[in-house]
Structure formats: C-alpha cells, structure tokens
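Residue numbering begins at 1 within each chain, and the chains themselves are lettered A, B and C in the order written.
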C-alpha cells in the first residue's frame, strides 16, 4: 500500500477548476518530482495535500486513511510537512525560533532535533540568534527545510526550493536531500528546474493545465516526451 | 489636584507634581491599553467593546468580593479566571467567526457588543456609581522631596503596569506560546502549516487580554467610581495610549500612556474641565506629526 | 470577427424592475408630501424623525458601506451642524431655513482639515480616531458660554415660530403655529431625505461612484488603475459631513433644545444609525430604508424599556453580523435578485447579427 495516494483529486478556486482528477502515488521512502509550467496546478496540488485548499476526503489517502479536506494543522499531525514556496520564514522570529516553531505539533519523536538540523545545515547554527530576515536566500531555504523537518514528517513536500537561487546554492541545498531520504522520509519535490528534478527523483509526474500528462521513471522518459507533456498540444 | 490659581503661579514644585501625577496616571492608561495592544498585535482586531469589558471586569471583582468575603484582592483573584473564560469564549464564539479580510464585520460586531454590554450592565447593576472597597489604601501617600507626596495607589498602579508589560514580553519572547503568537501575527497561513490552530491561539490571546483588563479594572475601581457607561472613555484612552506610543511595542504603549497622563494632568491643573480635552489634543498632535506613533516597531 | 464590428457596446444601469420602482417611488413621495393634510400630528412628528434618521443612515452608508470609511464619529458633524444652526439663528439672527444650509456648509468646511488628520489612520483606528474628534468637538463646544456651555440652551420662540415658511404654511393650511411648525419640519425633512437619496444614487451611478466601488473592493488595485484614492475619499467624507451637519441642524431646529452631550451623542447619532444600516443592509440604498422601518417598529414597541431596548439592538446587530451580514434587505435582494436602485453596470450590446 502506498504511503500517499490521490484518486481523482479535483480542486476549485470559486468557479474556476484548477485540478481535473489527479491520480498520484508515493511509496514509503520514495522521492517523487512534479514538474510543469507556471499555472499547471502544481502548487494547487500541494495546497490540497496540506489542507490549505478544500477537497473531498476520499480524494487523498495517507497510510490508507482518507485525509482530504482535513485542516492544515490536522494534516501536519498526520505526518505531512511542507516547505512553502518562497520560504515564508516568520520575520518576527529568529532562525532558531523558526526551527522550533516547526516542532509545534511535536506528536512524534523522531530523528530530527535542533542539533541534527544544525548538523545538516551548519551555517544555520552560526546564525541561530539572528532574525530570519537577515539570511541570504539560500540560507533562508535551508532554514525553511529545517523548520519543516522539525515535525519529523513521514512525507516532506518541497515547493520550488530552487526558485530565485544561484546554481551553486541550489546544489548545496539538493545535497541535503539524500541525508533526509536516509532517515526514511518520503519526498514530493515540485520543481521548475527539470534537470534537477530528474536527477533527484525516483519517479516524475508532469502537470499541464490541471491535468497529469506524464508519469514514469527518469530513465524511461525522453526529452521529447517531457517536452510534449510540459507544453501540451 | 487643585487647579493652579493665578496667585500661586508655576513653581518648580507644581511642575514636578504634575509630571509625577501624570506619569503615575499613565500607568493606569497603559494597563487599559496593554490588552488592546496584544489583541491588535496578534490578530489585527480592534475591539470597540474593550472599555466595556474593563467595566464588566470591575463589576465581576465587586460581585466576587461581596460574595466571597475575602477582600478585594480575593475578588480580583476570582475575577481573573472568570475574565479569561469570558475572553476565550468571546473569541471562539463571536470574533473568530467575523475575522477575515473585510474590516467591517469585526468592527460592527464589537460595536454591537459594546452597546449590548453597557446596557446589559445598566439593567443588571443599575446606573449607580460603585467603587471597589480599598480599605483606606486610596488615601495613603508616600512623601518624596520638596513637600510632594505620591499616592500609594497610583504608585502601585504604575508598578502593576510595568509588571504586566514585563510579563507579557516574557510570554511573547521567551515561551513557546509567545512564539506561536508572533508566528500567527506574521503569517497566519504558514502558521497553520506548522500545525498551529489559529482560532485557538486567538482565543488564548483574547483570554490573556481579558486578564489584563481585570487587573486594569482592579486599579480603576479602587481609585475612582465606576458605572456601566464609562467604558467608551476607557477605550478612547487605551486607544490614544497605543497610537501615541506606536503600534507593536508594549513599552511604547507605556510611554504613550505616560504622555497621555501627563497631558491630561497638565490640562486639569489649569482647569479641571480641560483634562480630557488636552489629552485628546495631545493625541491629535502626535497623530499629525508622527502618524505611526513615537516608538513604532519597525517590522510593521 | 466581423459580427463584433457591427455591434455597439454601452453600459447601462437601469432595469425594468427599477423603472417600475422609480414610478412607485414618485407616487410614494407624492403621497408622503400630501400626508400632513390628513394624518395625525403624532404620525407627522414620528415620520420627521424617521426621515431624518434615514438621511443620516444614507450618508453613513455612503461613507462606510461604499467608501470603506467606517466612522463612529459622525456625531461630530451632527452636533456641529446643530450648534451652527443655533449660532446662526440666535447669535446672527438669520432665517432658520437658511441657517440649516449654513450649518451644512460649516460642517463641510470643518470636515476638510479633520479629514487630513483622521485619514492618517486606517480601518478600526480610523474609526476610533473619528470618535476622538467628536469628543473634542463636544468638549470645545461645552466651553462656549454664549451657546449655553455644558448645560446647553434653547431656541427662543422668535426663532422657532417666526419663520417665513411657517407663516406661509399656517396661512395655507389654516392651522395654528405649533402644528404648522411640525408640518414645516416634516416637509423639510422629506425634501432632505429625497434629495439625499437622489444624491447618493446619482453619485453611485457616476464615474466617481464606480471609483468608490473599486476602492471598496480592492484599494491597491484601484490605485493602480488611476483612481485617485485620497481625493475620492476626501470628497465623500466632506459630502457626508455636509449631510450630517444639515440633518443635525434640522433635527435640533425642531427639538429647539440643545446640549453638548445630546448633540454629540454616540448613541443617538452613531449607534442608532449604524444599527439601521447594518440590520437593514449595508452598501445598498434600499437597506437603510428597510432598516429605519424596522427601527421605527422596535422603537415603538420597546422604547419604554430603556436599556433593554438598546441591549436588544446591540444583540440584534451582533446576530446580523454573525448570520446574515448583508442585512435584511441584502438577504432578500440576494435571494430574489431584486434591485430597486441598481447601479451595477451591465454590458448592453446592440446592433449586428446574433452570435454565431
């Protein structure tokens, strides 16, 4: 049984339909990448997973349980955590406080503690007492990832973690992912950078205008197939 | 405080007296304002019934004192959990339902609540003026230099204000709950992604604000008469203290209260009828020159 | 594509229902105008207050419901207008009806600098700021001895009874001065409220009205498409101050007795007005009409109960905000899609062949 499974997932913004029946699964320990252009529905998909956008209970199953439509805090306590697009650290909190707040709903003991996060991202340790606003983009991204890990999630959702960062910085951040996988966490990585997505994922899904247009292992997918799925038509 | 007569003139003693009395009065105003400041900080709500809730707390203390027979401090001790419950329920049942992007519903709801509370208290307690039994403390004073004396009660009020602000800052900056408040205030959506239940946080914050209102009511009721209609004026003083001091800083609110207190005391010294007016004019003056207040938090 | 070229596009606001309602409204106004000739004096006095409150409600609705400026301090201008009337008639000896207009003008002029101060605040802070301004007016006026100071004063009979209008009415209707006085007040109030509603309706149908809706919906977006926020808000604020001042003057001309606490009362001139608008339906022209009728009914039944009455009003306002925030009229209009005073613009396409 897959850790996460969506069946016919739909999502609406008022009258506007953003997702048209997505069937997606994540096995325990897997890393899934979702690619697609802007407006394809990737972020909407993550919003329904995390409880920020409404959907029907049976559309999303986690560990066999229907969780669609649960509130965001309830989803977190199920074991799903998100690194939001744009980082969204709390400006009134220091780096350390941002990490600590990630453990707000600490229901599960687990591998990730403050100390372990600092081991994973040493330059956060140096700046632990700084306001989060003085960090560089890359450091903020690391802090956002660390914050999400503090709840010891079984499934980590990463929304566009390479956005706005220099290639060197992106490499450093993605270098941390294997260490996260080692602990047994499953990942969904939403990425605009296709090469990075293919490099890190066990399986890739492609979205286009609210529909899933491609699914498969990176080794099975050709450039042409991805191009067609990405841009459609 | 007698008005200055032309014969006396403005001596240094008189000026210092005005300053000291004004600062201590500022302590009371800071107590009124602290709860308002907290609520606005956490959930961007200005509760127009804030002053009436202070008056309600005063009546609760009075009722508890008379019913329990343990003195007015015992009455306060009983009123504090009661007011926490009032605030918690008010937020959960009422304000959580109307808070949102539109500013009208919370404003109009709290105004309706204000009228409801005032007239409810009028019906329940009559329009008679009441006072909390202070057992003589209100007449005690401590002499300081130059023949001046400070009233014990105003001094205690000011010290209470400082203690409340220190405590609130401790909660905000040293506890997990305070971390949660700051996160919710910064970004309610992302706070939810951390597992924070915003509605619960708002309710706890409102509960704390009502506890502060109970403390404010305690000192208000000891030093002066109160009746169901004095709520709106307390709201205005609280509001003026917050604006003068600047949004987002509790110490700023204390400063704002002090400035308001000094302005009012100076006005009263010239003519008792001018007390309120000078206070309002000081507020408007600050508003024109520094619309964000004197010590605003830069993050806002 | 060629189909579009033959078509003309325009924006229209009127509908058939509104046309019918328009005719109905004219008939109603004619009836109301004729009322003093056959109705009881009590009814005329009641309706005077109803019309006055309705006018105040329309102005408050314009300010808060449309411009998004929630003021709980309009009593500042009601009281200012009232005192300006007293000053104009008692101290300057001018005709009462002229003085009403002067009072409106005074309120409008004072509103300008007041706006510059209070506009520095936003939302709820703006609301309390307007209240502070009203308090300042009250406290300052209480210092003016020639107008009665803190205890207030009364208009002498020379002012209340000796106006050209009243003499005319008494002559035409053959009634005695007190009755003629009531009729004069009634007709003036009717004129004020009809003109007010016409003004508000015309404003909302105009370009400035469109700007207002835009500001209300999304201030940032409105600014970015060139709507001059500051000027539009100032304009509305001054117009509403004028209206409040004018109506306040009229009310206190009829009451003939004034005091700072009464003229600047939050309960009488803001709370009641607010409740009328909320319960009736905010941001609609029909809403305050429904609201004032409900208010009149409640007032009739419950005013004897004093504090209970206000408790009920407060609780009712809270319930409306919780369960149907668009008010009684708003809920009805929504449900049955009725708009008697429509100002939403519809696209009207004329000419050319039908769509393919």
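In the analysis below, a contact is a pair of C-beta atoms (placed from the backbone, for glycine too) under 8 Å apart; a residue touches a chain by one contact, two chains touch by 3 or more.
Please read these numbers as outputs of a predicted model, since none were measured by experiment.
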If you average the CA coordinates per chain, which chain's centre is most distant from that of chain C? A
Give the identifier of the chain nearest to the protein's overall CA centre, each chain being represented by its own CA mean. B
Check: interface with higher C-beta contact count, A-B vs B-C, is B-C
Centre distance in Å when chain A and chain C are each reduced to the mean of their C-alpha atoms: 54
In whole angstrom, what separates the CA-based centres of chain A and chain B? 45
If you average the CA atoms of chain B and of chain C, how many Å lie between those two points? 34
Multi-partner residues of chain B (at least 2 other chains): none
Of all residues in chain B, those that touch chain C in their complex: 45-46, 48, 94, 97-98, 103-109, 111-120, 122-123, 232, 235-236, 239-240, 243, 273, 276-277, 280-281, 283-284, 287-288, 291
Would you mind writing out the residues of chain B in touch with chain A in their complex? 176, 179-180, 182-183, 185-187, 189-197, 299
Can you tell me which positions in chain A touch chain B when the two form their complex? 50-52, 71-73, 76-77, 81-82, 84, 88, 90-93, 97, 100-102, 104-105, 147, 151
Sites on chain C touched by chain B in the complex: 64-65, 68, 70, 72, 117, 120-121, 123-125, 127-129, 131-133, 135-136, 139-140, 142-143, 150, 266-267, 271, 274-275, 278, 282, 306-308, 310-311, 313-318, 321-322, 325
